Every structure is written in structure tokens, then in C-alpha cells.
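Each of the two complexes below includes subunit A, the first together with subunit B, the second together with subunit C.
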Partner chain A sequence: MGKRLAGIFWALLFLAVPVFGVATFAIAPAYDHWLPKDVSEHGASIDSLFYFILALTGVVFVVTEVLLFWFMWKYDAAKQQGGATYIQGSHTLEVVWTIIPAATLLFLAIYQMNAWADVKMRRPAMAPTVEVVARQFEWRLRYPGRDGTLGTADDLFLVNDLHLPIDEDVLIQLKSMDVLHSFFLPNVRIKQDAVPGMKIPVWFKAREAGEFDIVCAELCGWGHYKMKGRITLEPRASFDAWLERKYAEQQTTQPPPESPGDLAASN
Partner chain B sequence: MTPPTAATVAPTTVHGSVALHAPRKHRPVAEFLSTYVFSKDHKVIGLQFLFSTLLWFLVGGLLALAVRWQVAWPWSDVPVLGKLFAQEGGQMSPEFYTMLFTMHATVMIFLVIIPILAGAFGNFLIPLMIGADDMAFPTLNMLSYWFMWPAFFAFGASFFVEGGAASGGWTSYPPLSTNVASSPASGWGQTLWLIGLTFVGVSSMLGSVNYMTTIILMRAPGMTMFRLPMTIWAMFITAVLQAFALPVLTAAGFMQLADRMFGTGFFSPEGNVVNNTVTAAGGGQPLLWQHLFWFYSHPAVYIMILPAMGMVSDILTVFARKPLFGYRPMVYSIAGIAGLGFIVWGHHMFMSGMNPALGITFMVSTMMIALPSAVKTFNWLGTLWGGKIQFTTSMLFAMSFVSMFIIGGLSGIFMAATPVDIFIHDTYFIVAHFHYVLFAGTAMGVWAAIYFWFPKMFGRTMNEFWGKVHFFLTFIFLNGTFFTMHILGAVGFPRRLADAYHYETFHHLQPLNAFMTYCAIGMVATQVIFAANFIYSMFWGPVAGRNPWNANTLEWTAPSPPGHGNFDYQPVVYRGPYEYSVPGVEKDHLMQTDPPNAAAAAAAAAAH
Partner chain C sequence: MNRHLVVASVALLVLAAGCGKTPPASFRLNMVQATKTAAPDSELNTSWTSWSRERQEQVATILEALFGTPDEPVALAESGLDEAKLRLAAGPVRSDIVGRKNGLYREHCVHCHGISGDGMGPTAAFLNPYPRDYRPGKFKFKSTWRDAKPTQADLVRVLHEGIAGTSMPSFALLSAGQVDALAEYVRYLSIRGETEAALFGYAEQELGSGDKLPTTREFLVGEILAPIVEKWKVAEESQIPVAAVPAGIDFSLPGSDLANRESVARGRALFLGDGGCVKCHGVTALGDGQANDYDDWNKAIVEVSKEVAGSLETSRTTSTSGMPAEKLAEYRARAEWLHAFAGVLEGDALRPRTIPPRNLRLGVYRGGRRPLDLYRRLYTGINGAPMPGVGPSGPGAKGSVADAEIWHIVNYLRSLPYEFDGELGADRPMVAKDRF
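What follows is the complex of A and B.
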């Protein structure tokens, strides 16, 4: 009897895994411990894929964990009179549980390609809206200025304070001066490593105005944790006004910076 | 350490027999050294690996606690450890924090998981389970252990050099790790890290050559490849993975060393400016390191789980008293994981700037590698179905391996989906994923194996009651620590940040992190129970017979502990390893060496 109680105890402990697992995911959004607000156009396809995989894996998780619990409950040695069933396997079952996951995984693989291509492959044909140059431990920004071309004398230089217009495609040219960094905009569902020696294009279209975090998501040294920037998404008119204001400020207060930042930014 | 049996007293070296009859003053020392220190006996070497790795496990665990402390209560004084590392006022600096998580991962991966699976269990079990008297190359085997010591020294000493131990992450991505100006620990700390890594690699390579040769050439009569227990299949395929993947890491390590020492610039692009100084060398590519590193380190992920899968498969059958469900599919799926394991490394680099079209290729292969893992999980469930389950400590750990591996396996699909990875890459979601695979999976599998083979190692069984307490608390605390990490990942909480709470997006996550740290402290504290049980049982545990679990495989026919040469008679194998509860047979298990009885022979003859 004691042995049977022990078996029940252990089976229930394993049942707690799916119970608490599902509960954790169910409760977390209510406490705002969940995907941060998304303001991008492509973000919906990423989030819906996340939910789709969550549902799919959630079902597999619950079914397999409950089966494990059920077997522990039912086939407890303390409960059984006879011996174990002598089964070495089942060809049919092997085929079934190979084909079904294979088809599901293949479907998942093909299903998501489009979303990936939108974010990383179908680059809009346009000149860069801004160049972001990462360095330990700041985000250096360079707007093309009035002539719309990067690398000319009227470029606008700023640090950590990125402004971009909403409701239109923006193209960021991402670089790094020193080590690896990663340009992470949680609310725009964008992440891209900045690699020294490479110019990497990053693009998106924001749907909503607001001010959000820029986070560095690739270890870049002791100050990695405070490599923080802010991104302000605003309508075109106020974006243009902001650009003009910053441009006027630069004209009066500072000469265009020379090397080494310039050196790295122009190669 | 081990109670002397006729076999252990028997000569272990050419000089040993002389020593028995003509004791001279220095002889006992020489005898002790050759038996327990510079031993060529695979069992002693296995135990040496086991003790070394368990000690490093403790170090890695304490490093993890220090990491957790900073994440939960950034910039507050660290109790005990703060004074130990002589930090100013007990508060850790951000560079100290980066060093902590770098060395936590390094220690756990290179000094604990890889050597405890291949080194400790591979060494101890392979000859015993295939019916050999020792490894094919005993001297090489001894060397594989002693090559770990330069690594122990290099990693250990790196904590005390100027700038501290390596702090570029366990992946050591250049230019952070190659450019001394970019990080205080990119000086001697990183050099020692690379040297340590090289020695671990040499040790693994010596081991893997030995394991492959031994398994191919030294099986007992009748032990065909498809009569091998899953443990041996897993060890064999792991050895193959090691042998093919390691040279790439070793070469990459030397290239990074050359970049640092001679300025070769393999991984540094031209015009790189670090700390306002233009670096001299150029013409290299930071992504090259990532490709080379992950070409090894992704197969290494399977090196870190396959042996545990093998051992768990064997333990499940013993305590379910049932044959393994789908033996051949299990073998093929291990081989499938190993094969596909070589073409999925790019999924670590989806966000790296690698060609996004290549990302699609790696995404498809990564999705496909989930398949053999799924097949294995279903077969484990099939093994339990219709069984007669005995809830021993070892079995509980083995079943928890299955339960936890399901979580770790499923969470991997999120990262494999490239669009989702854009958001969760380098967040706590991946931290949750690999801790479910490596801690909740492999470490639980290792505990299952320790409780299971302890009687064979030391001739005594571990205490079951305290074993179950150890299991229960570890199980609760590990889920408290790691399951919640998925939630952090869903918020986008990045890993490796000394303090993320100044971000608007993450400032509300501190209470959850504090909860996780309490669980982590509980988890490490629980291991005191394990350590006490282990040490007590080694000397005073109940004496175990040859086959305390009524298991089938060959090691259980040898004395506990086996003497030098392992078997007191030549084992001959008549059947596969999983003949439990065979209908028409009186006992519920047929050992691999049990001669076929008349009835079975007659039945077999009739069938043909």
C-alpha cells in the first residue's frame, strides 16, 4: 500500500509539469509578462507564427506529458499482479510517428519562409534613411541630410536618439566600428547583428507612433548592458520637423566630426 | 576506495606482482600511483573523470548562482562569493559579471558535461557493457584523462590573471575576444581559455579514438552490433561526432590564438576601430569564426545529450521490466541526429549577417533534426507503456529526463522558426531551451546513471530515501528556475546583460528574476544531499551483489566492483540487451549471457 501511494505521488508530480507549464503561459500575459507591444507591419506575421508554434508545441507537450503521467499511474509495479507486456516495438507506430511529425515540421518550415523573406530578403529599393554605426557602447546615427545621400558634407550626426517616420518603408544601413553588436528593437520585432567590415541593410514599416527601446543583443564587452538607445517613431511631418531642428542645431553648435568615427563610417 | 577482491590484488603492472612478494620502501607508493593515479584501468580512469567533473560541477554551479544573484538584485553585495573573489565592497562589476557567465558556460560544457558523459561513463561502461577486459589503448586512455589537467589549470588559473578570466562569452566571438583593447579580459584570460580548450579537445580526441576502436574490435563473442545496449550505441556515435567535428574547433582555436599573439587577423576586418584606435591587422572575417566554431559546437550539443539518451534508454527498460520499444528505430534516430547535426550549425547564426537565403537552408535542416528527437521520445513512452514500473531514484531521474527533454525539444522549434527567432534570438528563451536540454536533460540523465551504476562502481548502493529527496527537490527547483525563463524570453529579455532593468521594456521583470534566483539557490543547496549520500554510500552503503537491479547487460555479470580485467570468466552473448518479461520464461529477465534453455532452443528450431 505504501508503495502504491509512492507511485501515485510520483505520477502526480509528473502531472504537475503540464499543469504548471500551461498555467504559467496562461497567467503570464495577464501580468504583462508577455510579448511587448508590436508597432511594425511585419510583426504580426512573426507574432502569429509564435502563437501558432506555441499552440502546436503546447498540444504535443500536454499530450506527451499526460501520457507519461498516465503510464506511471497505470503501470506502477505496486498495482500490477502479472508481469510487464513483452513488446519489442511496432512498425506501424514507428511509421505513424515518423510521418506525422515529419509532415508537420516540413509544413512549418515552408509556411514560415515568406515571413522570413519579408523581413530579411525583400529589401525595398531605396536609399538608406539612416546609417546606424554601433560601437562600444553607443549607437551612432548618421542621417543623409538635405541631399539625401550618405557620406556627403551635409550629413547629420547623432547618438542613441533614433527618429524614423511611420507608415512608410525605412531602410537602415547597419555597421559596427569595433566588435559585434546586435540592433534589437523589441517593439518593431527587428534584430540584426552589426558586424565590423559589413554593411547590413535592415528595413521595416512602422504602423504606430511611439518611443521605444533600442537594445544591444550581442555581447559587446563590459558595458553591453547599458548600450541603450531610444527609437522615436512619428508621422512624416513631425519627423521632418525634428530632422530640420537637429540639422539647425548641428550647423550652429558643432563641426562635422572627423576620424575615427568618420573613417569607419565611410569605408 | 574499493574493497579488495582477488582481481584487484592481481598484478596491475609488470612490477606489481614483484611488489606483493618483495615489499621495498618505495613500492607501496609506486603501487598506489599505478593503481589509483596513473592507472591504465578504464574503471579507475572513469572514476577519475567522474570525481574531477563532479568537483567542477560544483564550481560551475556556484558561478551560476553568482550570475543569478546579479540578474535578480543587480549591484547589491554578493554574500560569501563577493568576499571570496575580493570584489570592491562585495558588489560585482559589469566586467566581473560577463566573466561569470562566460566561465559558468565554459566550465559546465567543457569540464563537466562532455567529460562526465564520454570520460566518466564512456570509460567506465564501454568495456564492461561489451564484455571486454579493458579499452583497446589503455595508455591513450590514461593520457586522455591527464590531458584534462592542463585544461583544469589553464581555466582555473585564468581567474587570477590580470583582467580576469575570459569574458567574451563561451562562444568567444571575435573581435571582442581577439582584440585586447576591446575587453579587459581579452588579455591572458582569453589566451588561457584557448589553451584550456585545446587540451580538452586533445583529451576528447584521444578518448573518441579509443572508444570507436574498442567498440568495433573488442566486443565479446556473440555481441553483434545490434545486440549492443543503447548506451554503447550512443557512446559510439558520440565518439564518431567528436572525431569528425573536433579538428575544426582545434584549428579555429589556433587561428584565434594566432590572431591574438601574432596579429594574423583571420577574424578581423580592415579598418576596425576599437577604443578609438585603428587595429593593425585586417582582411579577416568575424563570421568565419562563427562558422568554424559552430561547425564543432553544434555537433557538440549532441555530444552533450546523446550518451545521456543512451543511458536513460537502458535505465527505463530495467525499471519498466520491458524491452526497449523500437530498438532499431532508436539506433537509427541517434545516427540521424548525428548526421543531420553536421548541417544545422547555421541556425546559431540566423541574425549574424549570414546570407538570409542560407538561413532558409539551415532552417529546413534544423526543423528536420527535430524528427529523430521526436521518434526517440515516442519510443521512450512506448517503452513505459505496458511495463511494470519500479519507482527507484534512478528511474525517477530517467523519467524526468524524458519529461524535461520534451520541453527542451519543443522549445527548440521556436528558435528554428527563423521569423520567430528574429524576436527571441539571444533572449532568455534560448537560455531556457538549452538549460532544459543540458541541465534538465543531460544532468538528470547523469544522476539517473550515477544512482544506477553506483553499485557497479563501488560495490554499494546509494540510499534510496535520500536519493528520492534529492530528486524531488531538484525537480521542483529546476522547473522553478528554468521554466520561467521562457516567459522572460517572450518579453524579449536579453541574455548576458548585467542589468536590464533600466530598459522600459524590461523594468518590470525583476520580481520574476528574484523568484528564479531563489529556486536556483535551492537547487544548488539540494546537491548537498546528493554529495552526502554519494560519499556516505561509497563507504557505508549496503553492499550490492553483482546484479542489484536484475538487469540484463554484461556489466552486471561482473563482480561489483569489477577487478582488473573486469570479468572472472569470458562472457558469451546469446541475445540482445532488453529481454525483460519474456513470455514462458520463469524469471522476468534473461541476461545477455544466460545460455538459451532447451525450451527456447526448441521453439527457435520450430520457428525456422
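What follows is the complex of A and C.
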């Protein structure tokens, strides 16, 4: 009797895996643990790929787990008379379960090519809008200034506070000053490793204004968890105004008027 | 089956009980100074270890009464500190009842700057330059006269921008209130450190070996704390004057622009001449002049280490044969102290690093890249560092370069990373845009 109970226990335990697995995914969106809001042009294709693969693997997961439960339930040793039967294997079965996954993977490989090319290969022909240099543990930014060229005297230097225009292509030149980092914009569906010694182009087109996180997605040292920046996406006009304001700040020659240093200067 | 049960219950117990409570955080004494002031004098004080321990305990008790602990900071009315801000910054990282983040110092700063603000947190030894030790109360990047304390705005600016070229990151995304609280806590650690130094200093100069420090409020607050707090109080009024930018300088244009040519040439002449910049930064401004100098706090360690090493050598080579018993006891006490001091220098101080002069062609400016920042660096120099100022050393004094002329040097400095327009060749040094 005890053995029979043990068999039922283990079978039900294994059944709990697909039940809880599916339940977790089903209730996650209600608790706001789902994909972050997408504000990019290309994000929809990434998300649909994600959902497609999730559905595919989800079905396989449920079927496999239910089968596992079924076999444990049906062929419980306590209920069985006699031993197991030895078989030589089935050539047909081997071929079928090799070809089906291979075909599925091949399909995925081809199906995603366009999305991949959009994000990683079809770089817009333009000068970088901004250079992002990852560093333990901050994002150093450099805007090319009025002449549109990086590395000239009118560059604008900032830290952690990235602003970019919406409704147009932006090109980011990504570099790292020390170790591997990963430039991750969850809301723009962009994730790109920053590699020391390499200039890596990253591009996207945002559809919606807003303030979002920049996070580091590659363990880069003790401070990795707080290597956080902020990206502000805004219409071109306010982006330009912001650039001008920051540029004027970088040209500051006098302390703010309320401070006594300025009074001394005017005396 | 039984074995599994045992393993599982042990695992459960460990999970439930946690790994024991960590003891509450406590400030560490400045052992270098404590040991230094405990030098056995010639009055034959062979029991220096016990009285110096007593003195350390007394200083620690006084400091705790004046400043509290890292978990429970105290701001006396006379300290001019805001206890509410300190409480936001101090203590373990936690959220309070309204969900506000507390323990900011331990979340963001402690691993480099240390619980006592001694710049010796766990990550400090791996950094170059080392994190700032707040205890001497010396700060580099500020708007005030060289020896004056930084203003609130100065501290906030460093927190906000970080320090380019060092390991100090930017905290630009923290709220203004959080940055404010952290700046207040930095000031608190500084005032506390300076008070500690003043107490040991007083003991060294005024007291005999076994004497106790006076513990009256009059002495501690009036004589020790007040002069330190006063310096911080006058910081806001100690800002250097900033001359108006003379005609012929347009900082929004590159140095190579015709509008700036003359001023840049004038700045270059000052750089090579009256400014005295070439001694360290070199004629090419690559920072290849004298490069073996230290920041003040590192220099102090270098000097005292040399002294101790020298005395140890003398003590080793001194023959004790035929020494009278009295002398021998003194010799032993001193040798014991020297060994203890050498141990403290090894374990309680970071190995000094030199501070090389900046390569001015990289376009990396630790104290900020605004013309105003460069002007201030040039005017007062960099407090604590070997960099001298070209402006007056104090109100009413005369500098080596006139105030308005400093703007020409600023203009020249800003042109340096972009000085050459041609191809990279043997005839010109590497500049900012060639890097990477």
C-alpha cells in the first residue's frame, strides 16, 4: 500500500510541474511581470518572435511533462505484473524525433533572419547620434555637437542621462572603457554587448516619448547591479532644446548668480 | 531515506535561522595617528601599550558621545549638521515606513570610502587613485580658496557628475534629497575625522604619556569641535572670485577658430612661462614633467614609513651590550613600538601611490570640463595635491598670473585635445580623437 501511495505521490508531483509552469505564465501579466512596454519600431517583430517561440516551446513543454506524468501513473511498478520488456529500438521513431526538431530549428533560423538583420545588420547610413562608453559602473555619453562629428572641440559630455529623439533613426556608437558590459534598453528591445577595443553600432527608431531605464546586462564587477542609466525619448524639437541647454551648461564661465562668488567677481 | 530527511531538516533549519546576526557597524580609529602619538618618550615609559590602548579607548568613547555610531549618528547642535539627513544616509540599507530608501552611504559609497570614511573600503586597494579619505577634511574639486572647505554645491556637483578618469561614478540619477543627504554625511565623516585628529593631536602636544584627555563639554565642544565646525560654516563665503571673461575668447568655438587664436597663443605663453605649468605637465602638456609626487595624505604615509624604517634600522644596528638596565628597558619599549607602528602602516594604510600630473591632451578633466571648473583649478590649484594655483593664495594676495589672464590659459587647455587638424604622424602627439 505504501509503495502504491509513493507512486501516486511522485506522479502527481511531476504533474504539478506543467500545472505550475503554465499557471505562472498565465498570472504573470496580472502582476506586471511581463515584457516591459515596447516603444520601438522594430520591437514588435522581436516580441512576436518571442511569443511564437514561447508558444512552440510551451506546447512541447506541456506535452512532455504530461507524458512524463502519464507514464509514471500508468506504469507504476506497484501496479505492474512482471518485468519490463526489452526492445531493440525503433528506427522510424528515431528518424521522426530527429527530423521534427531539426525542421523546427531550421524554420526558426530562417523565420527570424529578417528581424535579426533589421536590428544587427541593416545599419542606417548616418553619423552616430551619440557615443555611449560603458565604464565600471556608469554610462559616459558624448554627443557630436553642432558639427555632427565626434572627437571635435564642440562635443558634449554627459553621464548616465541619455536623451534621444523619437520618430527617426538614431545610431549609437557603443564602446567600453574597461571590461565587458551590455547596453540594455528593455523598452526599446535593444541589448548589445559593449566590448573593450571595439566600436559597436546600435540603432533603432523610437515611436513614443518617455523616460526609461538603461541597464547593464553583463556581469561587469561588484557594482553591476547599480550600473543604471536613464534614457529619455522625446520629440526632435525638445531634444534639440535639451542639447542646446546642456551645451550652454558645458560652456559655463560664471558661478550661478545667487552664489557669493559671483558677487565678489562683480565688485 | 533517513539520511535525506536529516539533510533536508538541516537545510531547513539553516534557512530558517539565517547565518546569525552581524554585529552592529562601528567606526574604526585612525590607527596610524593613534600609534604615532603613542611613541614612548624618554621618560622611560615601558608600559606604552597599555596607556596607548587606554587613550584609544578614551578617544573612541569621546567620539561616540559627540558623533554616535554608523547606525545611530548624532549631530550636536554645535556641529551644524542636520541629523535628519544623516539618518537618511547612515545605517544599514533598508526602506522606512513610507518606502523611502535609507542607508544610502552603505548602498553607494561604503565599499570604496569605508564605514569610517577613511577611503579604505574593501574595493579601495584596487583603485588608482585611491578613494578620498574624508578624515583629513581635504577636498580637491571645489569653488573655495585652497585651504577652505568645499561648499554644499561643490560636494553635490562631485556626486552628481562623478570624477572622470577615476573610479568615482556619477550619482546623477539619485534624487536631489538623496544626494543632499550623502553630501551631509560626507561632511559628518569629515568633521568626525578632523575631531579625532584634533584629539590625538592635543594628546600628543599637551599631555604626558599616561594623562587622560579632559572630558568637559567646554573642552570637547568649545576647544576641539568648534574651530573645525567654524571652517565648514564659512565655506559658503570662501568662494574665490571669478573674473569676467576678457574679450577675444569665445568658449563655444574651438580653440583653433580665428576668434580664439590670439587668446590661445596668449594662454600658451602663460602655460610655458609665468603659469609654471611645464614643470609637471611638460612642454607638450602630456603630463610628462615631474611625475613622482604624492597627494598630501599619501606623502604623510611615505614620510612616516621612511622614518619608521630608518629607526628600525638604527635599532637593529644598535649594540645593547653594556647598556644600563634603564636604557635597555627604554630601548626595548621603543623597538616594540617601532614594530607595532610598522605593522599598523602595513595593515591600516594603503600603500602610497604617486599622483602623476594630468595629460592635458586627453580631454579628461577630473574636476569638470566647464571653463569655470578649469578656471577654479588654475586659480587655487588642487588642495591636497601637488598642483599649485596661479591665482592669489588668499583674499588680497597676488597671484603669479592676473585673474582675467587665467581665462587665456583655460582657453589654451581646452584647445589642447584638438590642437592638430592634420594626419597623425611623428610630428604631433596623440590627441583625444585618436584614442580608441
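Note that in this section the second predicted complex is superposed on the first by the 246 of 267 C-alpha atoms of A that agree within 3 Å, B and C clash if a C-alpha of one lies under 4 Å from a C-alpha of the other, contacts with A are read in each partner's own complex, and residues count from 1 in each chain.
The criterion applied here is as follows: contacts are C-beta pairs under 8 Å (C-beta built on N, C-alpha and C of every residue); 3 or more make two chains touch, one makes a residue touch a chain.
Small disclaimer: the values here were computed from a predicted structure and weren't measured.
Look at A:A153: by the touch rule set out above, it reaches subunit C but stays clear of subunit B. In the superposition on chain A, contact of A:Q250 is made with subunit C only, not with subunit B. After overlaying the two complexes on the shared chain, residue contacts for A:W222 are found with subunit B and with subunit C alike. When the two complexes are overlaid on their common chain A, residue A:F14 makes contact with subunit B while staying clear of subunit C.
Of the two partner chains placed around the shared chain by superposition, subunit C is the only one that A:E138 touches, whereas subunit B remains out of contact. More residues of subunit A are in touch with B than with the other of subunit B and subunit C. Once chain A of one complex is fitted onto chain A of the other, the partner contacts of A:H33 are limited to subunit B, with no touch recorded for subunit C. Overlap of the subunit B and subunit C interfaces on subunit A: residues 135-136, 197, 222-223, 226, 228, 260-261, 264, 267.
Every residue of subunit B that touches subunit A in the complex is listed here, in rising order: 93-95, 98, 167-169, 173-176, 179, 182-184, 268-278, 285-287, 320-329, 351-353, 356-357, 359-360, 363-364, 367-368, 370-371, 374-375, 377-379, 381-382, 384-391, 396, 399-400, 402-403, 406-407, 410-411, 413-414, 417-420, 422-423, 425-427, 472, 475, 479, 483-484, 486-488, 490-492, 494, 496-500, 502-505, 508-509, 512, 578, 580-583, 588. Residues 135-138, 140, 150-154, 157, 159-161, 175, 197, 199, 222-223, 226, 228-230, 247, 249-255, 259-262, 264-265, 267 of subunit A touch subunit C in their complex.
Those residues of subunit A that touch subunit B in the shared complex are 3, 6-7, 10, 13-14, 17, 20-21, 24-25, 28, 32-36, 45-46, 49-50, 53-54, 56-57, 60-61, 64-65, 67-68, 71-72, 75-77, 80, 83-90, 93-94, 97-98, 101-102, 105-106, 108-109, 112-113, 115-117, 119-121, 135-136, 177-180, 182, 184, 186-187, 189-198, 200, 212-213, 215-226, 228, 260-261, 263-264, 267. Every residue of subunit C that touches subunit A in the complex is listed here, in rising order: 107-108, 111, 123, 143, 151, 153, 161-162, 164, 167, 169-170, 172-173, 236-237, 239-245, 251-256, 369-372, 375, 407, 414-415, 417-418, 432-433, 436.
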